[in-house]
């Protein structure tokens, strides 16, 4: 038998709560995101910190370090991607049921200014939640001297792996 | 005065040599790529190694390490991106003139299997060289027990920064 | 001699006016967009209409027709793309100097709900203007019975072809 | 109950036959693709023709017409997308089971040369088949005077809608 994606289900999605906010099906979503983030060796390696988690939203901070750079001394596009991808994945994960895990299907990142400054901040939001796929958008900002400037934008597709624990 | 991209120039491009190979305008392209790669702090941090450089082609190897992972123990998508992006950037850079530098404009990455195994290998090739923009495609393979399996594919746009030294 | 992208210029960009609005370098931007749109045979073929043009913004409407569909009777992804791409291109074009033309370098489109309803509306905004490249984001909505629902999102890179008339 | 994507199933995929060819689970794949293509109103509107269908591969031809153009007289990016997207979707569809339908999740298209000439030919191949998602790559060529030149490349994600008839 072929495992099925129920086409009706593929269209169904978590209902946004009143006020445009998403209602997370798992009330422990924030603790769950934090525990998952803490298991990401790559986030620890680069010194990234989970900054904020809300239903359908996640932000990650990354202080500048010399060992995160490309050849011109800016933060490497792959490192910019790493925090953008994690922010998007965890934004989506806040809206997943308790027994589901998250994987990135794909994303696209535009690098629109050099990633320099004191720190980077990646922010991502769910554009479309779903039981099978979820779609997010994200931005990465460079912060210096109390000012922030946009340095990258992302569009991402996630898959909901139901029945698969995250750890 | 508005700095111009000459529309004719935007269409011109390095001529492929006979046999479908690209002819690099800079004969020292390989040494130049290696010197640039060695300045990428991020590649050193994650333990990536420049494996092969040819005109229009670059490959990068990355041995598996626990501190490169996402929450399920696979290599983090951002780390996969980092080697795919660098492989694509340096594939393009082999065809740039001696006084030009390279920046990634954007890329899109599909993650098609978990990035596990003994090492990852990112390979990228120039699809379309150019004086202003260059387009590449790349693949990331996971290698284990002498076998390789495809785990990610990339499509990337680079910009040629003429008159800007790479270091 | 190699035609150059001035790296300083590649970073420079039109200044946003106060209030977060972009100040178009060409005061006749709207008439110019409309004239260019009217030369797009593909927009006429599919019945698309230029709805609104502002600095850094463009929207396009497309009434539903049976001959625009894919096999399930929804509007074909390519047709959805066509209006999203044109909306993005013209959003960018509003901020181009009078002697420059616009070409799409690339875009990525997520189709997040079936494109059905009485009409589609594509909206796009400039995220980052520039003298060489411009970056936009867009959304396509399906409208029916006075309600609109999101059916696609786009992220796009444009190139400014200076010294090239648009017609 | 939450409809599930079985995580094991998400990893399973059709086995490639010997010789690197994919073995289609539905022996009538070609007739099914042709019937589906014939239901695409958009393909008829623009004059596209299904050229070749093999397991994991599809090509579509599009003769040049003045009413398919953007403002410079080249084929509109959205029309280029339409044939690239359909070629990718049908390449994937050849490997779907008989009771499943196909939808495009997302794609990214680089336009690398003006789409001019006597006709365009879109070719697409499955990179990774799957029971839930399938990944393809495609190219669009412009043909004139017996020569072909590459004008666009695509990377695409499809979803398998099991239990949903295609018509």
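Letters A, B, C and D mark the chains as written, and numbering starts fresh at 1 in each.
The criterion applied here is as follows: a contact is a pair of C-beta atoms (placed from the backbone, for glycine too) under 8 Å apart; a residue touches a chain by one contact, two chains touch by 3 or more.
Because the structure is a prediction, the values reported are computed rather than measured.
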Which of A-B and A-C has more C-beta contact pairs: A-B
Repeat of interface C-D, chosen from B-D, A-D or A-B - more than half of residue-number contact pairs shared: A-B
Between chain A and chain C, centroid-to-centroid distance (C-alpha), Å: 27
Inter-centroid spacing, chain B versus chain A (mean Cα positions, whole Å): 24
Per-residue overlap in chain A, given as positions that touch at least 2 other chains: 101, 105-106, 108, 110, 157
Interfacial residue positions of chain C with respect to chain A in the complex: 11, 108, 110, 112-114, 127-128, 135, 137, 150, 153, 155, 157
Complex contact set, residues of chain C against chain D: 36-37, 39-46, 65-72, 75-79, 81-86, 101, 103-111, 166-167
Footprint of chain D on chain A - complex, ascending: 2-7, 9-10, 12, 97, 99-101, 105-106, 108, 131-133, 157, 159-164
